[in-house]
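Mind having a look at this structure? Questions to follow.
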Amino acid sequence: MKRLFVVLSLLVAASMLLAACGPSTPPFECKDALGCVDIAPGAPIRVAYAMVVEGPDASLGIDSKRGVEIAIDDKKELLGHSIELVGENTGCNAEGGQAAATKLAADKSIVAIVGTSCSSEARAGAPILSDAGLTLVSASNTAPDLTDPAKHVAGYARTAHNDKVQGAVAAEFAYASGVRKAATIHDGSLYADQLQQVFANRFKELGGEIVYQAAIAPTDTDMRPVLTEIAAAGPEMIYYPIFVAAGGFVTAQVREVSGLENVKTMGADGIFSPDFIKAAGENVKGMYLSSPDFSAFGAGYTDFLKKHETKYGEKPLSAFHAHAYDAASIIFAAIEKVAVKDADGTLHIGRQALRDAIFATKEFSGLTGKLTCSATGDCADPKIAVYEVVNPDPATWNPGAAADSNPKKVYP
Amino acid sequence: MTKSWLKRVSATDVVMWVVSLIIAGIVIYGSISSLQSGKYDGNTWKDLIVYGLTQGSIYALIALGYTLVYGILRMINFAHSEIYMSGPFASYFLASALLTSGFMDKQPWLSLILVALFAMFSSMVIAVSVERIAYRPLRKAPRLAPLITAIGASFFIQYVFKGLFGAGVKNYPELDVLKGQVNIFGLEMYRIHVIVLISAVGLMALLYTLVMKTKLGKAMRAVSEDKDSAALMGINVDQIISTTFAIGGVLAGAAGFLYAIMFRQVSWYMGFIPGLKAFTAAVLGGIGNIPGAMLGGLFLGLIESIGPTLFLAGLGIPAPNQLKDVIAFTLLVFILIFRPTGILGERLATKKA
Amino acid sequence: MQQEKSYLRQALEQGLVGGAIIVLIALLGIVEAFKERSIVGTVLSMGQTFIIGTQFLISYRTARKAGSDQKMAITGGAVTGAVSGLVLAFLVLLSMLFDLRPVFLNASPALFSILAFGQSQIVGMVLLVVFGAGIGALAGVIDTLAVRIRSTILQIVAIVVLTGLLAELIKLVLGQWPSIGRAMNWMFAGKGLSIIGAVVVALVVLVYNVYQAYAPVDPKKKPFFDAENWRGSKGYVRIAISVAVLLILPQILGVYMSEVLDQVGLYILMGLGLNIVVGYAGLLDLGYVAFFAIGAYVVGVMTSPEIAPKFFGMTFTWWEAVIPAVLVATSFGVILGIPVLRMRGDYLAIVTLGFGEIIRIVALSDLLKPVIGGSQGIQGIAKPAIGGFVFQDQQSLYYIILAGVFLAAFVAIRLRDSRLGRSWMAMREDEDVAEAMGIHLVTTKLLAFATGAAFSGLSGAIFAAKIGSIYPHSFNLMVSINVLALIIVGGLGSIPGVVVGSFALVGLPELLREFADYRLLVYGALLVWMMLNRREGLWPEEAHQRELYIDKDTPADAEA
Amino acid sequence: MDTILRAKEVTKRFGGLVAVNKLNIDIRKESISAVIGPNGAGKTTFFNCITGFYSPEEGSIIFDGNEIQGLSTDVITRTGISRTYQNIRLFSSMTALENVLVGQHPHLTTGWLGAVARTGKFRREEADALEEARRLLKFVGLSSLGNQVARNMSYGAQRRLEMARAMASRPKLLLLDEPTAGMNPNETEEMNEFIRKLRGEMGITILLIEHDMRVVMGISEQISVMDFGEKIAEGTPQDIQNNPRVIEAYLGRGAASGLESAKAH
C-alpha cells in the first residue's frame, strides 16, 4: 500500500511537469447550464446502467441490462463513435442505489444512465445523479410517486409504465368481466404492494368488494396455506401482481386448494413471460395477465427476442428488457439530436440539452409502443391490455390479438 | 420460608413468565376466535395439516443433516442449505434430458428414481467435498472458525451455481403420474403429498435404523460422544465424519428432490430459506438428536401452515401469512424458555464442573 | 530418482488443480465478461490476467516446492503450466464434441474463441498447452532467481496489475482536479493502464526497490503502528497528523470515495458493537441487524414528514431523534436479552437470528404498515444539521460517522479495560467458573448485549440520515453475517481488527464494484481461505492469537 | 463450637443415581477439614452443591447462619465461599494478573458509566485492585509471572494461580478440590505448607478434597469419609486411620497401601 502511494505521488508529480510543458489546445466553450461531456475522436460514448445484476433480484436487472446491450448492438455506432456500456450494480435496495449513483455521478465521462431497476434505488439514487447533471431513464421503476410532480427529481424519466395505469386497468377488466369479489396477494415488494393497492382501490370505486388482501414472502414456496386462507373469504378472482418464482408457485398450487377450483386468476407484467408459463404449469390456462398492449408494440420485438436468444442462450429473464431497449434508444436519439462536433472532431454533449431532449421525446417508436415523455418523466406508452393464457405450453408464447396468439388479448 | 422462595426467583424469571403468558394468551385467544369465526371448516384444517406435514417432512430431512453434523462436530453446517440445493439443481439437467429424449414419458417411475438417485448423489458429493476442503483442516479450531468457513462455502457454492447455470428459475417437468388424488383411509389426498410423506418417513426410518442398529451407527455415536476415545478404540474418526456428511448429503438431496417434484422449481437461491428453517427445526427438536430433528421439522412445517390461520387470523391481523416466520421463531423462543435444549432434549455429553 | 518422480507427480496434481480453477473461471463467464476490460492497454486484458495469473501462481507454487534444484523447479513449473493448459484444451475439445450451452450458460462460442487465441480450435488447443508450459517455465525461472531480483520482479508484476485493476478509481480520484486529471491521461487506456503508464509504474517500483537495496537500514525503526511510536511528544505529533489526515480525507478523495468511507464507517460502528458481544463476551449473535434496523426506524418515524406528524404532531430534527434511537435499540437489546441469554452457544445463535428476521418481517408487514410504511418504507428522513449547515452529502456525513466511530471505539476500549470487560472475557473463557467468581451472568451478558445494541442503533440512525429513505429489505440477515464475518476476519476481540475487517469486507467489495456479478463468490472463497490460512484474523488481538490455535495438549478448553 | 458450614441431610440425584445421600457435615470456623473417599464417592458433587453448581434435591446447607442451597453460584460466592477445581479451570487466555482481578469481582463496584467516564472512584478502585492482585500473586509466589498468559504457565503455577484467584474474592470458606493432584512429593509438601499458611495468615476456613493421604493426614484437623454418596466416617486423622469401615471402603482399590504408608509417616 505504501509503495503504491509512493508510485502514485511520483506519477502525479511527473505528469504535472509534463502537462506544464506540453502545448494545450484551446478548450471548446461549453455554454450548457449543467456542463458538457467531451468525447475525443475515436473515444467511445459512455452510457451507464444502474441496475441490480447481483443477488436474488438479479434477473430483473440482468434482463434490462441485456435489453440495453442489444440496443447498443443494433445501434452499432453513434455519430461515428462506438458506444460503451459501463455500469454499477444497485442491489435492488436503497443503499445499493445510493452507492451506485454516487460512483456513476463521480465519473464525468458518462453521458446518460439507463436505470434504476427497483423504485427504492431510484428514491435514494436519482437525486444524486440528477444533482450531478446526469439524466437517467428507468426501464422498470413503476412506483407512481417517482413521477409525481411533488416529488419528481429533475433528471429522472422512465419508459416503464406507472403502476397507477396498470392496476386500474386490471381492476376495470375484472369488474367488466363480472367479478364482484376479489382477493389480492403481494410479496412485500414495493411494486406488488403498490399495484395491488391501486387495484383494490379502483375495484372498490367501481363497486366491487375486496374480500382479502394477503401477503407472502417472495421466497415462499408453499402457497397452499395462504390460498386456503383466501379460499375461506370466497373470492371470485385472485389478483397477484408478483414475480416469476412466487407467481409460479401460486398458480401451480391454486387449484389444489378446495374452494378455489374455479377461481379466476390474474397477474401483471412482472410475470408476463414464457418463464412464468413454464413455472406455473397446466394451471396457467385461463389465467389473465395485464401487460403493455402488444398490438401497439413495434414489429421489432420478435426480432429482438431472436437476437436475445442467440446472444445469451436463453429467453428473457424478466419483463422489462424491451423497456430497457427503448430507454437506451431514447437516449441515443437524444444524443444524436444535441451533440455538437467541433473542428478537431471532438464531440460535445450538453447535459442540460440532453436532458431537455430526452424529456422532449415525442411519438418515438420503440419496441414497447409510441413513446412520449411527460414533463415529469413518464415516457411509457401507457396502453395496458389484459391477456388470457390459452395454452400452457411455453413454446407457443406469442402474445397478441390474433386468433392463434397466446396469451391472447381480451381487454380492452 | 417465603423469603427464601422469593430469593430464588430472579427478575429475569418474572420477565420470562410474563412473556410466556402473553404469548400463550395470544395463541389461545387467537385460536378460539379463529375457531369460533366459522370461516374455516374441518376440511380447511385437514388441508392445512396435510400441507404442513408435507413441507415439514422436507424440513425434517434437511434438519437431519444439520443434526447429524452438529452431533458429531458441534458445528452449524451453514453450507448444508447449499448441499440441499445442489442435488435437485444438478439432477434438473438429467430430468430435462430424460424428458427431451422421451424416456420420461415411457418410464416415468424409473426416470423419477434415476433423477432422485442422481440428486442424492450430487448432494452427497458436494457435502463430502465441503467437509474435506473447508472443515477438516479446522477440526481443532474454536467453533467460530468453521462457522465462518461454512458461511463462506455457502456463498461460494450458491454463486458458482448461479454463474455456471444461470440466474433464472429452472422448472422440473410436470408428470402425469404425480397428479391426481388418492383415497387413503377415507381421506382424499393428493398423490404427490402421499409420495412425499411416505418417502420422507421411509428415509427417516432408514436413517434411524442405520444409526441405532448398525455397526456404522455405533461408530458414529461413539465419535459423537468423544472423538479421542473413539480413535483409541480403532475407529477412523475422519472417515466416520466423512460418512456422516455423506449421509446428511444424501438426505438433503432426497429432500431437494421431493421439493423439486412437489413445487417444480429449482434455482440457485432455493436452499437458503429452507436451510434456515431446517436448522431452526433441528434446534427446536433438540440439536444432535435424530428423532428430535424429525419431530422439529414436522412441527415447524405444521406451525407455519396452520399457525397464521389458527393464531392470527382470529385476531383480525391483516395478511397473517406474512407473519408465519414470526410465529415460528416466537414459538422457538417460547419452547426454548421451557425446554432449554429443545423438545426432545439435546443428546450431547455436556460437562459441568 | 524417487524424489524426482514424486515431485513430478505433485507438479502434475498442481496442474490439474490449476486447470480446474481456470475451467471454473472460464465457465463462470469471468474470462468472457472481462475480455475487453484492459489492465495494460491492448496488451493485457483482465480476462487473460485471470488465466495467466492462475497458471503463473500455481506453477510458481510447484516451483517453490522444488527447493534449491533449479532444473527441477523449471521443469516442475513447466509441467504444471502445461497440464493446466491441457485441462483447458480438454474443455475446448469438449465444446467441439458437445453443445455445452444448455448446461453451462457461459460456454459460448465467444469464450472458446478467446480460449483458442482466436485461432481454429485445434491450433488453439496446441497453443494452450505450449503457452501454459511457457508460463509455467517462466514461473520456474523466476523462482530460481536471487531473492532480491525475484521479489523485485514479483512486486513489479503485482503492482502493475493492481494499478491496472484500480486504474479507474485512481482516475476517478484524480479527475476531481480537471487539470491533474487531464495531465495524467497518458497513463490510462480504457479502464486500465496504458502501455506507457504500465512501463512508468514498473520503472518507479524498480527505482524504489533499487533505492531500498542500497539505502542504509535503521535497526531501531519500529513498524508504523507499534505502540512505541505513538507515545511521548513525538507520538502527539503523529496523532495530530493522523487526525488531520482523517479530517481532510473526504475532501481529497472526492464524493465517491467518501461514500465508500461512509459505508465502511457504518460497518465499523456495528463491528465495534458486535465485537463486544461476540469478541469479548463470547455470545454468538446472528441477529445483530435488528438493532441497526430499530435505530434507523426510530429516526425514520420521528423525522419523516410523512409519518412523524401522525404520531407526534410535528417532526423532530435528526439530533433530537438520535438519542431516542439509541435508547430504543438498547432497550430492545435488553428485552431480547432476558429470555435468550440463558441459552448457550448455538441456541443463542439461532434465537438471535430469529429475532433479526422477526424485526425485518414485522417492519415489512401489513400489520404495521400504517405506522412504519411496510414495503413502501419511510421516506424524507431528516439529515443532521448544525446551525444552518446541513450534513447533506456523503462528504459531510463522513464527519458524523467518524465522530460516531471514535465515540464507540472510546467506549469499547474503556469498557474492555474495566471490571466489566474482564467479566466479559472471563465469561467467554468459562461461563461456569466466571459465575463462581461472583459474576452475575445475566446482568453481565445484558450489559454486553445492550452496549452492542446501542452502537448498532447509532449506526442505524446515521444510516437512515445518509440514505434518506429506508426499507425493510435493507435489514436482512446478510448484514448480520457481514458484520460477524468482518470482526472475525479482522481478528476477534481486536478493535483495530474491526477497522481492518470493515475495509476488507465492506470497502474492498465496494471499490471493486465492476466484479458485482462475482463479488459474493469471491467473498465466499475468501472467507474459507482466510479461516484455513489466517484464522486469527488480519489484525489479531494479542491474547486471541493464542486462543484461536488451541494446541492439542492444552488441557483447558474453553468449550469443555 | 463455632460452625461456619453445616450440611443437613443433603441429597443430590442424577436420574436414578444418588450421588450424595443424606449427607451431614459440620465444618468449624478456621479449621482445615477434608472430605475423602474413593473415586465416584460423591465428593466433587458435594462441593458442587455447596457452591451452587448443583441444586440439591433435599436437605439444607447453612453457611454463616444463612441457607444457601439452591442459590445461584454468584450469590453464594458473594456470601463468602470460593473454590478451586479438580481439573484446573483458569481463564486460560487471560494473564495471571487478570485472572486474579476477575476474582476480585464481588468487591468492585464501578459500573458501566464509571468505566467509560473513568471517574476518580473507578481509578482508585482499579489501582487498589491491582495492588491487591499483586499482593496475592506474591503470596502464592507468582509475583514475577503477572503478565504471563495462564495457559502458558507450569502446572504447579496454574494450581497456585487458581488459589490466588479464589482468595481474591476474600472468602470465609475456601474449597480446594484435590489441590495436590499431579504433584511430586516436593511440590506436595510446599502445597501443604502453603495451605497451612493460608489458614494461619488469612484466617480462612479450608475444606479440601484429597486423594493423597499424606496431605490429608498431615494437615487436616477433621476428616469426613464418603463412599457411594454417604458419609461412612468422621473424625480426627487418627480416628479415621483406625476406622474399619474406611479401610474396607479403600481395600481392593489400591489405596489401602496408601493408608498404611500414611500411618508410617
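All chains are identified by letter, namely A, B, C and D, in their written order; residue positions are counted from 1 within each chain.
Basically, a residue touches a chain if its C-beta (ideal position, glycine included) is under 8 Å from a C-beta of that chain, and two chains touch if they have at least 3 such contacts.
Everything quoted here is computed from the prediction, not taken from an experiment.
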| item | value |
| --- | --- |
| Fewest touching-chain hops separating chain C from chain D | 1 |
| Per Cα centroids, the chain farthest from chain B | D |
| Separation of mean Cα positions, chain C and chain B [Å, integer] | 31 |
| Interchain centroid distance [CA atoms averaged], chain A/chain D, Å | 73 |
| Between chain D and chain B, distance of the C-alpha-averaged centres to the nearest whole Å | 46 |
| Chain centre separation (chain A, chain B; CA means) in Å | 37 |
| Where chain A touches two or more other chains, by residue | 58, 188, 213, 215, 217, 314 |
| Residue list for chain B, restricted to those that touch at least two other chains | 10, 166, 318-319, 322, 325, 352-353 |
| Residues of chain D whose C-beta touches two or more other chains | 53, 72, 85, 89 |
| Interface residues, chain B side, partner chain A - complex | 39-40, 43-44, 47-48, 51-52, 54-55, 162, 166-169, 171, 174, 190, 259, 263-265, 267, 269-270, 272-274, 304-306, 308-309, 313, 318-322, 324-325 |
| For the chain B and chain C complex, residues of the former touching the latter | 10, 12, 15-16, 19, 70, 74, 76, 93, 96, 133-134, 137-138, 140-149, 151-160, 163-166, 276, 279-280, 283, 287, 317-319, 322-323, 325-326, 328-330, 332-333, 336-337, 340-341, 351-353 |
| Touch list for chain C against partner chain B, complex | 24, 27-30, 102-106, 278, 284, 338-347, 349-351, 353-355, 357-358, 361-362, 364-367, 369, 432-433, 436, 442, 481, 484-485, 488-489, 492, 517-518, 520-521, 523-532, 535, 547-552, 558-560 |
| Interfacial residue positions of chain C with respect to chain D in the complex | 410-411, 414-415, 417-423, 425-426, 429-430, 432-441, 447, 451, 543-544, 546-547, 554-556, 558 |
| Complex interface listing, chain A residues touching chain C | 3-4, 6-8, 10-12, 14-16, 18-19, 53-55, 58, 88-89, 92-95, 98-100, 102-103, 105-108, 120, 123-124, 127, 186, 188-190, 192-194, 213, 215, 217, 313-314 |
